[in-house]
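Written below as structure tokens is the structure these notes are about.
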Amino acid sequence: MDQSTAPIVPYVYIKHTGIVRDANPVRVVSSCYLEIYTFPFDVQNCTFTFRSYIHHVSDIRIILGKTVEDILKRSISVLSTEGEWELMDIKSSKIKLSTFNQGESNPYDELCFYIVLRRRATLYVVNLLIPSCFLITVDLFSFLLPPQNVDRSSFKMTLILGYSVFLLIVNDLLPVTGSTIPLINVFFAICLALMVASLLETILITNLLVAPCNFCPVPGWVRVLVLRFMGTLVWLPQKSREDKIILNPVARGEVQTGEPGKMWAEAGDPALAELRNLGNELQSIRLHVAQHVDGNQISQDWMQVGYIIDRLLFGVYCIFITFSFIVILSIWSNSYNQ
Amino acid sequence: MDQSTAPIVPYVYIKHTGIVRDANPVRVVSSCYLEIYTFPFDVQNCTFTFRSYIHHVSDIRIILGKTVEDILKRSISVLSTEGEWELMDIKSSKIKLSTFNQGESNPYDELCFYIVLRRRATLYVVNLLIPSCFLITVDLFSFLLPPQNVDRSSFKMTLILGYSVFLLIVNDLLPVTGSTIPLINVFFAICLALMVASLLETILITNLLVAPCNFCPVPGWVRVLVLRFMGTLVWLPQKSREDKIILNPVARGEVQTGEPGKMWAEAGDPALAELRNLGNELQSIRLHVAQHVDGNQISQDWMQVGYIIDRLLFGVYCIFITFSFIVILSIWSNSYNQ
Amino acid sequence: MDQSTAPIVPYVYIKHTGIVRDANPVRVVSSCYLEIYTFPFDVQNCTFTFRSYIHHVSDIRIILGKTVEDILKRSISVLSTEGEWELMDIKSSKIKLSTFNQGESNPYDELCFYIVLRRRATLYVVNLLIPSCFLITVDLFSFLLPPQNVDRSSFKMTLILGYSVFLLIVNDLLPVTGSTIPLINVFFAICLALMVASLLETILITNLLVAPCNFCPVPGWVRVLVLRFMGTLVWLPQKSREDKIILNPVARGEVQTGEPGKMWAEAGDPALAELRNLGNELQSIRLHVAQHVDGNQISQDWMQVGYIIDRLLFGVYCIFITFSFIVILSIWSNSYNQ
Amino acid sequence: MDQSTAPIVPYVYIKHTGIVRDANPVRVVSSCYLEIYTFPFDVQNCTFTFRSYIHHVSDIRIILGKTVEDILKRSISVLSTEGEWELMDIKSSKIKLSTFNQGESNPYDELCFYIVLRRRATLYVVNLLIPSCFLITVDLFSFLLPPQNVDRSSFKMTLILGYSVFLLIVNDLLPVTGSTIPLINVFFAICLALMVASLLETILITNLLVAPCNFCPVPGWVRVLVLRFMGTLVWLPQKSREDKIILNPVARGEVQTGEPGKMWAEAGDPALAELRNLGNELQSIRLHVAQHVDGNQISQDWMQVGYIIDRLLFGVYCIFITFSFIVILSIWSNSYNQ
Amino acid sequence: MDQSTAPIVPYVYIKHTGIVRDANPVRVVSSCYLEIYTFPFDVQNCTFTFRSYIHHVSDIRIILGKTVEDILKRSISVLSTEGEWELMDIKSSKIKLSTFNQGESNPYDELCFYIVLRRRATLYVVNLLIPSCFLITVDLFSFLLPPQNVDRSSFKMTLILGYSVFLLIVNDLLPVTGSTIPLINVFFAICLALMVASLLETILITNLLVAPCNFCPVPGWVRVLVLRFMGTLVWLPQKSREDKIILNPVARGEVQTGEPGKMWAEAGDPALAELRNLGNELQSIRLHVAQHVDGNQISQDWMQVGYIIDRLLFGVYCIFITFSFIVILSIWSNSYNQ
């Protein structure tokens, strides 16, 4: 508590009724412990204790000049122009405090005011919570981006970068004092953790989808566990790959019969030799083209595994977000309607 | 109100006319409630009340030394060098305030000054509103970017990142006190929401355009609702796809006749067998090439759906921006010309 | 003006010549109106007025103890260690001010000092102007990036993002007070506007270059206006497209003759039928390949339109930058050499 | 030490037992040297020395009014509402200090309090350490991104950019005073260095993978050292490239035999000439296609070198991160449990 | 100099030896001109002058109570806990200053202390110089990125963006006062200039490599100057392009002979006609494929020019960086070991 800096009034009113009125204004800057656990929706309870520092109860008695309700009403009318804090209630209590030296029988007279303040949360909701939810929503939707064609991991990295910049703004607005960590900090940390987790997941999926050549074929238990079990879990059934196989049965059948066609080569006809030459050239081209497609066909299984895991983790992500948001929101609403 | 920090002048002028002039300068730092709803275009109305704290009206009478117009003129001439605030008007009123203790018949004499200040908005317009409008314009134009070839979603993400950085600048300039949230905060929140919404839309469209293979063919009601109804709404009529179908009728016709061509295979001619071999190879290559094109042709409908929804949401976006901007601008202009 | 915070010296020197010397040091913090229109190159003119607050000219006369040149010389020697401001000149003038109450014949004696300060602009040039010019130069050069292959719009978006971050630094260094907006703010706003304008132009060009399929063929007046008139304006003449047409005249000629070749099909030779089969397959492949190339050939005109407009706007951009820079630099150099 | 700003109490209690109690409150702002080497987990030891400035031990004796344990208990109960610091212990010691002028036999009486404070590290862990670990984890996982298809170097650059923004937040929270550099700064510098190092490694690998045409074939010692030795070290054995060679043996064999096929050209048959024409055309096409694939096949070795070095450096990176984290964590835990 | 804020001690020691000891503590806040040219490695020399303001040398004599070495030793022991500054030396000198009014023969007694302080540079090295060097190194290495495949210009743009963010951190740490601009600012400006220059160079090279179709063939002097002279300068000799020419000599030879092959067309054989049809189709396809490759082959020269200029400018860049770093480091080390 600092010294009063209000101008000093050197007058005391003495009424004919014997009432002495000392209207000395006192401007007090006091510190109040802030319970910032439920930060933007917090209700603070400040205690102001007025007592004589040296005079005992036998010398000075402190009583309320008005009822607490009057003080509350007048304070609200004066404070209605104030900014961040909304005065909700004023309570007072009177305690006769025994002095520190317990031997003395003469306690001090003491008057306590309990001032209940509620923070106006609109500014923080608009500036902190809504942008954060926006970014989490974008992160959620970014699962819709195809991980191969569009660079989803790079998109998510930019998103995390944007979240970092946003945390810079947050840092200016958040209170830093307090022993307990505010719930909103936990909220932001969870958001960041979710983004990072989904980014890591995207990198894994990208690795599975883009560079599957380094893997051996999908082992049996993966095929059973992921493709069949999880696949049905995420409504992505195992593709029937018959359409592609049906596509070129004739050509495939002919490749094998192309070999026995060589036994006719003895019938020495230059045109026939030339035709066979042509056939070999064409076969070589076809193999090059087919290799381009078949190389992808072989890794099709791994890609399917990637897609299924992607969708599964998307579901887990959604469930976790929903759960943690519900918990945080319920804590906040409890605190605010306290 | 703090104590006056101006130097103390220990003199009082006594004129022969009996006028006593106390030219003691007083430097007062007072707080004034700021109505920041229409922030950069706000007009503030501050009330300064001068009265004796202890002397009643029977002891001290307070009257204006000059007319209010003179005070206003002189104040403007002195204040013309000041920065952010422009002095618009000074009004004064004299009230005889009944004391707090209503029993007393002796009120205090009181003099009220109402000072009307208007904020100079140029700096805020140049630093806050114009860049924000620039970014919203870029966001609007980014609908022109083709969602497939150029990575539109990544572009918009970078834009939102830039907007976050811009909000950092805003945060330093904006006033944070005040119970009501300034309209400019709502403006920025709307801008951010619009950007996020258009980003989400872009992700959806990208998903529709790039990865349509996972979908079943366009269902009938979508075809009717989107392709026909919405398509005409956005001047994007359903493409007549005859040009592509006309393109290779001969080849298609021959594929079917290639099968009956096998019944001639009994006529054992090695050259003919070789030719058929060639034909099969060629057919295989053509199928591979055609599959590359046809795969896109099948998803053509979904892409058309994507394009139509894209253009439709672009229209909705434009209408919403125009509407909200008109509302905000009208509120500001009302406030400023008050 | 605050109270002097210098230590108080309770002595007055009285010389035998009758000169009384009061060496009481006074430390004054005064405010001076800053004319920040030409901000980093500004010359400030501060007025300090010393006069007795209560004693008239008949009581106290104020004269200069030294000549102004001596004061200037001594002040420069003392101030040579100071930072941002460079003392350029001190002038003094003596006015006998008539009191506010004009009836009195007894004016106050008054001494005015005009202190001319010039801001040292090196720091601001290095930290503000040079990086801004760097970024504008990069923006200018980014027109050299091919809008198709490399993602020019994304590059420019990153550039604008970098400029936003740079504006954050600027915001810390710029003075915010002042009724007029500093020219440097206009400078930065123009830079930002130019970047945004060139970004919008890039998006338009990209739209023209990448997605021209949605357009009808280039209309006649566009062809005349843009391709011929503007094309010669920007030294990009209309391409003669003969080289591509010459390329495959034989194949094109044969496509038409391929149709009458069907009338020979009656001559029932299985080899011939097979050959025709081959021919049809080949024709189909060729059409697919040609379609891939021809599709781009058709949109060649629109791309040419895009290139011409791109180069034209690049010229306009250069001219505008040069013009606005010359104007701003001339204003600054005028102010600095004042 | 500043002057006490607490209100002055002009009373002294004199009890009938002869005890004189001066309950004058003293508010002292003192500076305490902070040992910030182990910053967010630091334990500070502040020394407060109370002694009479002018009275010797013969005049004033200073003794503790209560035991140190009582003071500690009471202080903790009062301080329990405080924020960042947690009071751990209070010790006191009494020294008779010999005066500065050693000649005097009359020392001052002195009372020392040693106050042990522990910083509550939760906030710093949540805001500083966890995001930094997140970003390092993302950097670690980004090695999974294929360096060719997805632009890994650009991804890492964005990551470093995000880390820079994060360092901005850090900069606001970190203490800047202190002669020794805090361990957490070293931690962040190591993280940044690791990111930059892995980025440089990625650029090198990308150069090796994407632009290998400029190199000569892999020299022998590289082949032995990298492909064989390191390859087995990182479980990436040298690929047996037989599958590709087996793929088109027929076509390759026929290319050589195509040349002797020319000796039959003397048998002048227009159909045969035409067929040979066809064969040459086809061979040319096949060579174009094969060249597209073979060009990559030749650089396959360099790519394998790149992959092996990539995985090797990934291992080194992991080991280094693990090692440095263990060292830092052990120092912190030592300091905190001190 | 502000007034002393230390508590006032109203005692003066009078010893029996006649020594009067006034132990009044004085807390002085003084300003010292900082020479920040060599900022993080600067050595400051502050002068404190103690003299009586009003008493001449005949009244008061000021002498040192202890030797300067004792003061230095004791000060270092006390100051050892301080943060940013390291006390290096204290010198004292005694001057008899003639008064300002030269007529008087009675000068003041004056005692000067010269305090030499050295800034502890570790924090600035870790937070400013090392990250800056990291970023310059990344910029240097980014020349290894192939300018075509990976988007090098976009990478460098992100790097400059990261550098801007880093400059934000720098801005908070750097001192802003001072007439001379610190060398470290020049250092950062040079780094930024280098990055921008290399970005512009990259844009130019990209333009040369990606869009060479708009250029005429490489003129003779460029071919001589760049390809031959500079090429050997940067160890990138002119490619012998024989391998590609050898690749398809047969096909090329046959294209010309394909035309005279038409004179055999009179021999009306439907199979032959069909074969010719096939040949024309194939030729058309081959031309399309060859055109795809030859289009790049024509621009090969310009790409070679681009590569050579790229490597040349890389060398110039390296030399310039090395040179400027050596100069700056030598200035710093000179200043620090002063």
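Going by the order they are written in, the chains are A, B, C, D and E; count residues from 1 in each one.
Here is the rule we go by: contacts are C-beta pairs under 8 Å (C-beta built on N, C-alpha and C of every residue); 3 or more make two chains touch, one makes a residue touch a chain.
Everything numeric in this text was worked out from a predicted model, so none of it was measured.
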{"item": "Shared chain contacts [chain B and chain D, defined touch]", "value": "A"}
{"item": "Classification of the chain A:chain D interface as same or different, half of numbers criterion", "value": "different"}
{"item": "Angle (degrees, nearest 5) of the CA superposition of chain A onto chain B", "value": "70"}
{"item": "Centroid distance [mean C-alpha coordinates] between chain E and chain A, Å", "value": "37"}
{"item": "Interchain centroid distance [CA atoms averaged], chain B/chain C, Å", "value": "23"}
{"item": "Residue list for chain B, restricted to those that touch at least two other chains", "value": "151, 154, 158, 161, 165, 168, 271, 275, 278, 282-283, 285, 289"}
{"item": "Contact graph of the chains (line, ring, star, complete, other)", "value": "ring"}
{"item": "Sequence of chains encountered when the ring is traversed from chain C in the direction of chain E", "value": "C, E, D, A, B"}
{"item": "List of chain E residues in touch with chain D within their complex", "value": "5-7, 9, 11, 13, 23, 81-84, 86, 120, 122-123, 126-127, 130-131, 134, 137-138, 141-142, 144-146, 149-151, 154-155, 158-159, 161-162, 165-166, 168-169, 172-173, 247-248, 250-251, 254, 258, 261, 264, 267, 269, 271-272, 275-276, 278-279, 282-283, 285-286, 289-290, 293"}
{"item": "Touching residues (chain side chain E, partner chain C) in the complex", "value": "1-4, 33, 53-54, 151, 153-154, 157-158, 160-161, 164-165, 167-168, 171, 176-179, 181, 185-186, 189, 192-193, 196, 199-200, 203-204, 206-207, 210-211, 270-271, 273-275, 277-278, 280-285, 287-289, 291"}
